[in-house]
Every structure is written in structure tokens, then in C-alpha cells.
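Below you'll find a set of structures to go through.
Same chain, two partners: subunit A is paired with subunit B first, then with subunit C.
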Partner chain A sequence: MATEDVRYRQSSQYRLWSFSPSKLASMRETTNALARASISERMLASNSLPASNNPSAPTSGVNTPEPDGATPTPTPTLPEFLTPAEELMLVTLYTSELLRAGEHMGLTDEITSTAAALFRRFYITNSIMTYPPKDMIVVSLFFGCKAEGTFPSVDHFVKALHKKGPEEILAGEFLLCQSVRFALDVKHPFRALKGATMELRRYGDIEQSRIEEAERHAREILRFSPHMTDAYFHYTPSQIMLAALSLADRGLAERLIQATFHYVAPSTSNDSDTPMANSDVGTKEARREAKAGEDQAAIIGSYVRDKVLGTIEACRDMLSKELPDRKDHWSSIAVFKVQFRPTTRKLTKCHDPDRWDLVALQRRRREQVMDKADSEDGDPEARAGTGTAAKATVDSDAAVFGGALEPRDNKRRKVLDDPFGGPL
Partner chain B sequence: MSRKPIANARGPASGSTTSAALPGLSSDDMCPVCKTIRYLNKDMEFLIHPDCYHFMCSNCVNRIFNDGPNQCPYAGCHRTLRRKGFRTPFFGDLTVEREVDIRRRVAAVFNQHEEDFRTLRDYNNYLGMVEDLTFELVSGTDAQRSSAEAQLQQWEAEHKADIERNRKAGREADEASRRRIAAERDAARQRRIDAIKEAEEEKLERARTREAELDTLASAPEGQRPGGGVQLKRRVQVNRAVEAAAAATTNAAGVPGGGVAGAQPPMITKLSIQGLKEKRKPPAPEGPYDPFGGMDFVPSRYKLHDGLVHPDVDKYRFDLAHATGGYSFDDYRARAMFEAFAGLGVFIEDEKEVGSGLSASEVAAMSAGIAAVGDKMELD
Partner chain C sequence: MTASPFAVDALRQASGAAPSSTGNGNISSSSSTQRPGPGSATLDLVEQMNEDEKKKYVKGKKLGEGTYANVYLGHARHDPSLLVAIKKIKVQKEYRDGMAPDAVRELTHLQELRHPNIISLLSAFSSKDQNLNLVLEFLPLGDLEMLIRDVDRVRYGAPDIKAWMGMLTRAVWFCHDNYVLHRDIKPNNLLIAADGEVKLADFGLARGFADPGQRMTANVITRWYRPPELLYGARHYSGAVDVWSVGTVFAELIIRTPYLPGDNDIEMVRLISRAIGTPTEDNWPGVTKLREYTIPIEVTPVADKATYMNRFGSVGPEGVDLLMRTLILDPRKRITAREMLEHKWWRTDPRPSRKEDLPRKSGGEEKVAADLKRRPGVVDEEGKAKVARKLDFGGALGGGK
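Up next, the complex of A and B:
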């Protein structure tokens, strides 16, 4: 096994964020199903649905059935949820916006690409109906900067992307980190492209201008196409790089692959000539050589070459669906109106009522943590009783109606349970 | 001699060779055989024979036993003694002397170690058995004593090989520890000597340097003086450093050598005790610690050739920010080449279909966790 591959397999990108297409699809479906279930549950619980089939009746939730009346109890209808395919389409749309935002801010290719990769990873385990993609774009960009080792101020981001305040960006940071399983190191094909062109230059018989042109074009592709597709999940950076290179200049990519996987097994006729005449030492030597040859063949043999070529071809097909000239397509308003407007409208109706506002979500969680700390200080029953898990969910549900009553409640309970009786 | 003869110490009726209690040995006593008292003979020395523990003065011993074996002169004692067996008692109380002798003999026969036993309980049972036997030998009745003696002899005859082996092991261990201690002491002494020598040399060197400096200052023409002095000093320092390094290596070679020589015999003894010890031995260390867990960093698909250039990289070659220390263009080249070829042979579609990594159920559980129970997650 090639040492380079062994090293690549150590990366979090391979271990946590590489999937076969079927698995990726099934993951998206699972996420979508879970989001549907939890969102509809929360919508019903929070009573925020318009009772659409009977607009004249007063809106009411299922929890408080009306006193028996002439009008039948209006059952609130759930909005139509996005399908996994629609979700993917929207994620791709917002990825293109993210790329544009990165370009607008003058961020480097690596930062923008890291942000895009994090963004797409985030929306594999989270539905786009749960967390707001427009906010997550900014969060991803800001965090991409940090992940790539540049540390801009939040205010700069707020100003450049016309946000309301820094908390809007900071609120989603931990959420993003957690959702990408803290795998912040994204491996990109950009440096690989430089390595490949170095190697091509070394061959000496290719014109400089051709290499330069191919590199420029390939880099252009790498900036856009892999992020608009699932290439980062299905292929390794070197494969993506070679696919882009072959889109830019097929001959160069093939030349590089042929030169790399150059091992040809020595013809066996020499060995089979005098197999019996060989001494024991000779056969041992031959066997060892054969073993070394097998190893070489497994690393740079023709079988591997064909397989790599097949993979790169598949990657090339994937990238060619979203070549950089489709940028205009994604950013044009006309196309947006026709293609995406219906879906985004749908999204505004079916998004998660609790989690759409990241700032409020974070504030709520903070309060909840504080409350928990308070109650743990205050009454030991809460800890010993139903268990913290159940308590926390009760708290969070109660927090929807405002958490102001909570402390007083605690105090009252404490007084009642006081073994020495109430206050004098 | 720290021992203090006790004047009239009478052991309990020990039922030993004589039915009467053994007489106490005292310096101002008189010899019970010839009635000489110490006042008459300053150099009088009492001797005993381990057969009956009756003491008498050396003159009596010479007188009675010079002509060969003879009967013990004590009344009622019919032991035939030889002169060769007489010795100076270590303890004033002859009962103690006798018990110590017996214990020494028993310990020589029952010389098993705790490691030879499967459990601690077995070992303790064995110790109890040995103690019972010893007690019978020391202060049992005649019958008990003879039976215990017979048991002891039988055991000795049956387990001759074992006993011999254990004894040898014990001797070797003693020997080894003695040698190790001696080696350590030697090494320490050597170190001390070296340190003294080094200090002296340094002092000498300093004086010589000073002289040399003065000489140069005196002899050199005006312009060259300070530079020359500095150069000389530096050379001297370098020399001294080299010497120190050389000395350190010889020291290191010498001391561990002694250490190894001292440390090896215990290994042998461990092996020779019995098979049990080997199993408990911790696994042999597998060489030095490898922080990369045995990962190979030699590229197998490409070679790092010299002629790898890239215009985007080369333009920084004369950039001051990159020319400062710590930035290596070779490292960049190596990294770029590695990234260009790393993972070429990794086929995610094949490997991740059934392979390790994030399984679908795991992801489902995770996203469920984030979506449903997210309220509980730790903040900041």
C-alpha cells in the first residue's frame, strides 16, 4: 500500500467526512426525515400554525381543545416540507452565494473553499429547514478564516456582509463546530495542483505556456465546481485535482498519470526458462523480487492506474456538471425567480420555529444553563428527582413562555419543603 | 564484639543433648573442667562443640582431644567429640547459640522462595510447616526431635537437586548485588576523580589562555589585537567543549558497561529460580517510542527531484518575509508533491461502502441528538 494513501487515510476528511454516494444519499434522507418529525412536533407544540382549512375559527392548538361547539375542531395543517432533493438544491444555491460572498470579501481560495466545505458538511447532518442557511454562510466564512489560520475581526465581517451585529455570527460558531464533529482541517486540491504542475514542468518536454494555461484553468474549476457538487465527499483532493486538470487539459492529466503509474511487471518468460536449473538461493532471490514486484504493482501498476483513471473520469463527470461558467446561472435573478423562488418560499413556511433564529436560540440556551445552575444550587430535589434530562426538556419547553417565573417557583417550592417549617 | 555474655543466663529446660539445662557462659566464670579462673589465665577462651554445647577452656580442649576423639568430660555426657568440631560460641547464651545453629541448618535445607509457590497461601503453609519442624528440633521432646530430624534428612535426600539449585541462586544473587554495589562505588569514585581532574584542567586552561592573551596583546601589531584575542579564546573554548564531549562519551561507555555487567547476573538468577518468574516478567520494550505510530514517510509514488520549480513559489524566493528563518521552500515542495499524490489510490466509493467511518445509523443518531436533544448540549 502506498505510504501516501496511508497518510491520507489518517485525516479527518477521510475518516469522518468521506462517504460513498449511496450512503451520502441515505444520510440526507435520514436528516430530512428527522427534521420533518421534530419540526412538525415543535410546530404543533408551539401552536404557531395557521389553521388554514378554517380561517374564520380562532386559532388553537391541539393541546387546548375547544369546548364542545358547533364548529368542528380545526386541525392545524402542517406546511409542506422540503424533499431531500430540494434541500440539496438549496444547499447548492447557498453554497454558490457563499462562494460569491468570499470573493466579495477578497478571501483566499483556501479560506473560501474551507468555508464552503464546512457549510456543506454542516447541512449533511442538519436540515436546511432547521438552521438558517443565510446566517450559516457568514458563520462558515468567519470560521473558515479561523480554520485556515487568519483571524479577522468580527466587526469587519459584520460591516462587509451587512449584518446586524457580531452576535449574529458568533451565535452559530459552536453549532457549526459541533456539527462538523470538530473536523476543521479541510484538505484542498490547490496545493496539489501546484505539485502536479511542478512534476509536469520537470518532464521538460511540455511548453510552459501550456502548463500555465492548464493550471490557471484547473484552478478556476477547483474554486467552483467541487463545492457545487459532492466531490469533496466522494473523492480525495488529488483525484479532484487530476479531474480538474483533465478538464483543463486532458493530455497533461493523462501524461501525469501514465508517468506515475509506470510500473510494468517484468515478463515472466525469463524466469520460466530455467526454473529447475536455479539454485535454492536463486529461487529465493527470485521470489523476493517477485514479492517486491507485486508490491510495486499494487502501488504503481497498471491495474491501479486503470482504477485511478476510472475514478478520475467519474470525478470529471461530476465536476463537468458545474463548470465555472455556470456561475452566472446560479447568480442570475431570472433563473432564481423561475427555479428557486418556489422552493425558498416553501422554506420560509416550513422552517423550524425554535431554531431559525440563531441569536435567540443561543440566548435561550444560555439562560437555560444559568437556570440549571441556579436550580442545582437551590433545591437538591430537582437533581435527585426526575433526572436532569427530563428536567432540561421541561425547562426548555417552559422557556418558550418566558423564563421569568422560574426562580420564584423554585423559591416557593423550597419554602414548602423546608423541614423546619415556613418563615416565622 | 558487641555480644554481651550473660552471666547466669539459663535457658529453659531445652531437653537438648543433655537433659539438664545448658550452663551459661560467662567471662568471669571458671572453666568447669579444669577449674581455672580468668584471674589466672587472662587469655582464657571458652569453646563449645555443637554436638552437646558443653563449654570448656581451650586448654582443656587441647589437653583432652589432642590425641583424637574422646568423650565429653562433663559428667553424664557420653558424646564422643573431636577437636575439629570445637568453636568459639557467638552468643553468650548457649541455648540461643544452639537454636541459631539449628535454624541455620533448617534454612539451608528448606530454602524455597515465595516466587516458587503458586499462591501466597501455599507459601505461608510451607513456612508454617518449616517453623513447626524447627520448633520440634529446638525444644521438642526426644521423640519429637528424632522424628523431626528424620523428616529433615529425608527431605534433604529427596530434594537434593532443588536445594542445591536454590542455594546456588541465592549465592549468585548475593554475588551479583555485591558486584553491582562495588561497580556503582567504582563509577562514583571515577566520576569524582574525573570531576576533580576536569576542574584542574579548566583552571590550568584558564591560566594558559590568560597568558596567551597577554602574549598576543604584547606581540601583535596594534590593529589586530582584540580580534586575535577573541579568536584564540573561542578556539580554546571549542577545544574544551570537544574534550568535555569526549570525556563524557568515555564515561558513558564506562559506566553503563559496569552497570550492565552488574545488571546481567540478576537476570540469570531470575531465570534459574523457576519458570514462574518468567511469566510475570513485563513484555520486553519494543525499541524507542515512535510518535508517528510506525507511519512511513518515504513517498512510494513519486520522487522528490531537484528540478521541481513553480513560478508562483519562486517569486517568493527573494521576498524578505519568506527569506526569514523558518520558511523552507523545500518543505513547501515536499508538501505540494505529497498532496498531489496522496490519496490517489484511495477509492472512497469502495472503501466507505462497508468500511469504517461514519455509519449511517451513527449519523442518524448523531443528527437526532443534535436536532432533538440539542437543548441540552453544553454551551461554550
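Up next, the complex of A and C:
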């Protein structure tokens, strides 16, 4: 069991895409702030601002940075930007749309779920004000297929989702791939659910129909609730599975956990909990036994069980906020009008003037590269000496992106809090 | 290791340069130095993270150019002695559906698989022309094929074979244990590190196999190393396909020439039939139902141990036993990678050579490049027709879902 944990910690899902709630919130804030800054700048630069036909545009305050003299007070013409909370609300709204599209196309649960996870990851590193969510839904579904090892033709997607042409889908593919930090493998709770039901059957004393009903219900939850919340960022697939099973049938989930973390220390060694105190234990075997007991306790003892129960309860709470019966809520036109339209309207006014059109953006980027006439891709050695040539290439690359950023190579350390509550 | 670029770090760095929601609001500080241009080169968060990643490495000279990728020598910026190979995947014009399957597969699986006998992906970034660059550990000593072929200058024996096979088997077991099929195991995908460690490379044909119901393409694995179930067009298969490849590599290590060098699928079936035995309903129930099964003209019984001993006896009877189990016709009866690791051959004399004692030759950078830039599934049929026979993996996979 421990080894499986070690392995999960090596997955890109854990290494790159697991965060504590506070970390995730601060990332969203950063992304939002960066987007405001660069969109403001691009709007001002391109003069693409709507000539104050927006009476609600603020003249100062919450949505625009304080003009403290450093910026030449362009604020009056800037639109009102989305807040991080509004961004998250819209990401969730469009996630529900993505899930419906996946279902409509008859994609497997794994593919649709991968697409949803990639979509949500994308909008951690990018603001929904920068890149168009409706396009990214399609890109995510298309690339979700690829990440799951099936390689559909883009024309199929164009037809199924009524797109204008393949470019519309392909233009965002690399952007998506890069934004999710090239981590394409998403681990899901579906297989864990199959395993859990097999295990429940093995106990032999639970009614078949009860297990089947719980599995069906849990699966339905897994297809919806984890994607509509931040569950994938905070919990492991097995924790999500157990939380869903618990929502479907709490008794079965608890039975499974109790049976898994069943280790009870033998009563003789109960008097002393610390290994030091065991020094009076005479024989080697006894000590080894005690050691094995501690190991067992550390893996499947009651302390770990309680920790797991706590984590699963927290995950359960999270999922319970978006149970499948909320599908109607998210797809209801009446609800949309009242709850979301004001925000989507806002979005149409504050989105990025340069990046909203993925096809045009892609074309511009290509042209830029053409202009540069593969100064990067040529063999540096062929063009100049040896070592210095490489340096020159890198420097010129940097120049294009606006000079050196920060000193590189400051030691990157792992800053994730452990949201998983230790090894299972 | 530098293997884990963290979004969090980049974000934190970024937030230093940008106004936080409560900050002093000096908006343009992060990008005031940008040159406005046709694409407005303001640095996005994503672009900045990408730049951070890219700048960790210094790209050096080009080691080779291929249709699939160009390979450059590089080193870590903070430590010039840490050499890397930068594999720049080319956009494949003939694949109309965006990022090509081999690039997606390689990226997907190498991101997840971390094992001493699997080539490590240190980083990935994109160059401005929207090409994918994979930063891989630099493995300077060529590949197993070089050693096998250089009969005049490279001598090796059973202990060396045992060491190499051990490393290969561990790599394959690890893939399978992580529900990944490699699907292109062959000597020139087994690269050799500076310390002699063998590393399985080229995951361009790999795929996950966690979902047992899914249909897969039969058109994988370079032909000489392709198992009979794939030659017969099986669409549902398992780790047994890789195990067969391991077996044929094992045989090749011993006899120092490809064991089953068929020019086409029909000849492959004939060679297997003659060397190992003709697949029949008796030795492989269900084989006649496979899509491309052909009724054999003559039936050769499955080779017995004595036959194998004649040709492969240098690895001893235990070694031959292991070889025979990897080459069992019926994939369901074939040994698994895990069972291979539990085989008694590893524990019988002679002991495997220590890494540092393994024969080697300075592979040269050209070979590194040749190995990395190659398209998956291609046989470099040296001495035969110079035309590389390549698998039609792109379109063939398109339909399968």
C-alpha cells in the first residue's frame, strides 16, 4: 500500500497539479491580477476600448489598480474586470457545458473526465478573460481523447460540435498542452470504484443489489461532482472514490475503510507506544515482531484510519455541494439569465483584445516565427563558434520576450502542503 | 532532480513582478519593457513559466536531424556538467489532426514513469515556433544494438547478458505495473547511460491499458520483435506483447544477430513457425479466430528445450528456460514481466556483471541522435534494403476508440 502512495506522489497529477486550498486560491488571484494588468495594457495599446459606452465602468476602485502616478490614469476607459470568484464561477459553468458536450459525443467517462480536468487546469494558469472558454471546451475534449490514447480526426469534432473548421480546434491545442505544463495524464477514480465494488462483493454478506445501486450512484457522482468542484486538485483518486461511495451509501464506504485499516495492535504491547520503551523486550524476534507491528499500525492502524476518514469526510463535503441533481441548475436557461448572464456580459467587455481569437492568435504567432527566420532553430554551432553561440541564441530569445526575467535556477523547492494527510 | 517544475513557483515568481490584488498597482512593471509587435509579445503567465523552464537548459550543438525530431546536446544552466539531450519534435505535416500521436504518447508516459531503467524526462517546454521540446537525460554510450552488432570489437558473455536482461526486464515490469505498454521494445531503443545502466527509451508507441475493454491497434512493435498475436491482427492484447519483444531481444543478445528477421508479416509468421512452432488450436486455443490468422501450409511442432539449448545454450539451462517462456506462442501462457523477475535464472551462476564492468563502446553522439530522432516503429534494416520500413501508425489509430 505504501508503495502505491509513493507511486502516486511521482505522478504529474500530484507533482504539478495538487495544491492546498489556500495555494489554489492564491494562484487564481495571481492569474486574475496578471490578466487584468496585461489586458488593460493591451487595451490601452491597441485603442480597442469601447468609447465609454459602458456607463457602469468604474472610475476608480475595486476593479482597477490604484492610479498612484506611476500609471498615466487610463482607468476611466477600462472595463470592469472579473473577480477571481467570478472567474471561478464561470469556469464551473463552462465545465458543466464541457461535461454535457462529452456526453453528447458519446465519449467515455475517462475521456470526458480528462478533458474536464485539463480544462480546469488550463484556467488555473490562464484567466478566463484571456482565452475563450467556449473554444477551450472543444480543445479540451479533443485533446482529452489524445491524452487517453485515442486519436480522433479533427473533422469528426468539427462536425459533432458544429465548429467552423479544424483550425478552430487545432489553434488551441498547443496552448492547452503548454498551459497544463505538459502534464497530460490524469488519474481518475473510476477504476478505484470498480476495485471497491469487487472488494465489497468479496465480503460475501452484503446484498448484491445494494452494491450495484451504490456503484451506479457513485459513478454518476464521479462523472459530475469532482469536476464541478476542486476535488481533483486536493484529493487522490481513491479518496474521491470513497467520498462518492460514501455519498451513495455511507455504510458501504465505512465498511470498506474499517476493513482496510483493520490493524489492532496485540494487547501485550499495548502498554508502551514508543519503540524506546520496548528495549526491555528480550529476544530479537519479539523486537522484530514489535517493529512489524508498528509498521502495520503505521499503514493500516486506527490512527491512519481516522485520518483517512477525516480526509474523506472533507472530500465528501466538497462533492456534496455539486451533486448530479445540480445538472439542471447549471443547464437551466432561467438560472443562467439571473445568475450568470451579468457575468458573461461583463466578460464580453473585459476579455483580452489580442488573445480571444485563437485562430488569429495562432496565425500571428506563426508569422512572428517566420519573421524571425528560424534564428532559434538553426544549429547554433553552424552559425557561429561553439559555446558563445549557444549563449547568444538564448539571449536573443530572451530579448524577444522582454529581457531576462529573474535570476534563474534559484532552487525550486517543493512547496506543496500535503493535502492528502499522509500515506494511506 | 530538476524533474519537477512547479507551477506554484512560477506563479509565486510571477506574482512578485505583477500587482497583487492588494498591491500598489504598478501595472506595467511586468511588461513595460516589451516590444510591441505584431502578436504583442507581452509575457503571459504560461509563457513565463515556459521561459523559466526553457532557461534552465542551454541548448548546444545539433546532434542529428530526423523526420520526426531534431536532437541537440545541451546542459543544465546551473551545472554545465549535467548533460541533456533536447529532442525537438517536429510538426508532422502528414498528420492533419494537430499534435501527432507519437509526441503525445511520449510526453504522456515519460511524464509519469520514473525508474532507473527508463529514460528520464527532465523537462518539457515549447519553442516559439510552437514545437515541443523534450529535455531527456543524456545517454552517451549508444544502445544495445551497437554492442550486439560490433562482433569484432565487442566481446561479452552470459554475465553481461544477464545484467542487461535484468535491467530491461525491470523497465518492462515497471511499465506494465503502471499500466503502460511500451509496444516498441528492440535493441536500439535500449540506450546506455554513462555508468552502463540500460534505459528503455522511445515511448512514441506506448499506451495505457488500464481499460481492458478497449480495442487497440495491432500495428505496433517493429516487425522483427512483433509477437504472433499482433501478426495475426489481435485488437485486444496485454503486456505479453512486450514480453515477446523482450524474448526476441534476449535471443538476439545471445546469437548476436536478429532472431526473426522477417521482411514482411507473412515471412514473420513463417519464421516464427519454423523456429518456435506453428500456432494451432492445440498450443493456442482461439488462435484461428484472430482476424488475420492464416492456415499454415505446414505445421512445425513447438520447439523443445534441446532445440533451444543447441542455439542458446550459452546462457545455461535456466536461461534457456526463461527464454522459452518469453516466446510461448499463446500470449495467455507467456510469462509475465513480473514472473520473469522471479525466475530462477537470476539467482543461478554466473552472477550478472556489475554495471561498471559491462562492455561498452563510446557510442558517440551521432548514435544518440540516431536513436532519439527516429520515428517509432521503424526498422533500420542495415545490410538489407536501405529503406526504413515504417509503421502506418498515424491513420491506423485514427479510427480506433
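Just so it is clear, the second predicted complex is superposed on the first by the 331 of 424 C-alpha atoms of A that agree within 3 Å, B and C clash if a C-alpha of one lies under 4 Å from a C-alpha of the other, contacts with A are read in each partner's own complex, and residues count from 1 in each chain.
Basically, a residue touches a chain if its C-beta (ideal position, glycine included) is under 8 Å from a C-beta of that chain, and two chains touch if they have at least 3 such contacts.
All values derive from a computational prediction rather than experimental measurement.
Looking at the shared chain after the overlay, A:T130 reaches both subunit B and subunit C.
Subunit A has more of its residues touched by C than by the other of subunit B and subunit C. Once the two complexes are overlaid on the shared chain, A:S38 sits against subunit B and subunit C alike.
In the superposition on chain A, A:F142 makes contact with subunit C only, not with subunit B. Using the contact criterion defined above for the overlaid structures, shared-chain residue A:S179 touches subunit B and also reaches subunit C.
Contact with both subunit B and subunit C is seen for A:L16 once the two complexes are overlaid on the shared chain.
Legend: residue contacts after superposition of the two complexes on their common chain; A:R365 is shown touching both subunit B and subunit C. In the overlay built on the shared chain, the residue A:A192 is in contact with subunit B alone; subunit C does not reach it.
In the superposition on chain A, A:M27 makes contact with both subunit B and subunit C. In the superposed pair of complexes, A:V154 makes contact with subunit C only, with no contact to subunit B. In the superposition on the C-alpha atoms of chain A, the part of subunit A touched by subunit B in one complex and by subunit C in the other spans residues 7, 10, 15-17, 19, 23, 26-27, 30-31, 34, 38, 124-126, 130, 174, 178-179, 181, 191, 362, 365-366, 368-369, 393.
Listing the residues of subunit A that touch subunit B in their complex gives 1-10, 14-23, 26-27, 30-31, 34-35, 38, 124-127, 130, 174, 178-179, 181, 187, 189, 191-199, 201-202, 212, 233-239, 241-242, 260, 299-300, 304, 307-308, 311, 355, 362, 365-366, 368-369, 389, 392-393, 396. Considering their complex, residues 7, 10-12, 15-17, 19, 23, 26-27, 29-34, 36-38, 40-42, 45-46, 65-68, 70-71, 84, 108, 110, 124-126, 130, 142-143, 145-154, 166, 169-170, 173-175, 177-179, 181-185, 191, 354, 361-362, 364-369, 371-372, 374, 376-377, 379-382, 386, 390-391, 393-394, 397-398, 400-403, 405-406, 408-409, 412-416 of subunit A touch subunit C.
Note for the complex: subunit B touches subunit A at residues 295-302, 305, 307-313, 333, 335-350, 352-353, 356-358, 360, 363-364, 366-368, 370-377, 379-380. By the touch rule above, subunit C contacts subunit A in their complex via residues 2, 4-9, 11-21, 23-28, 30-31, 33-52, 54-56, 58-62, 70, 77-78, 88, 96-99, 101, 104-105, 107-109, 111-112, 114, 124-132, 178, 207-208, 210-211, 394, 397-398, 400-401.
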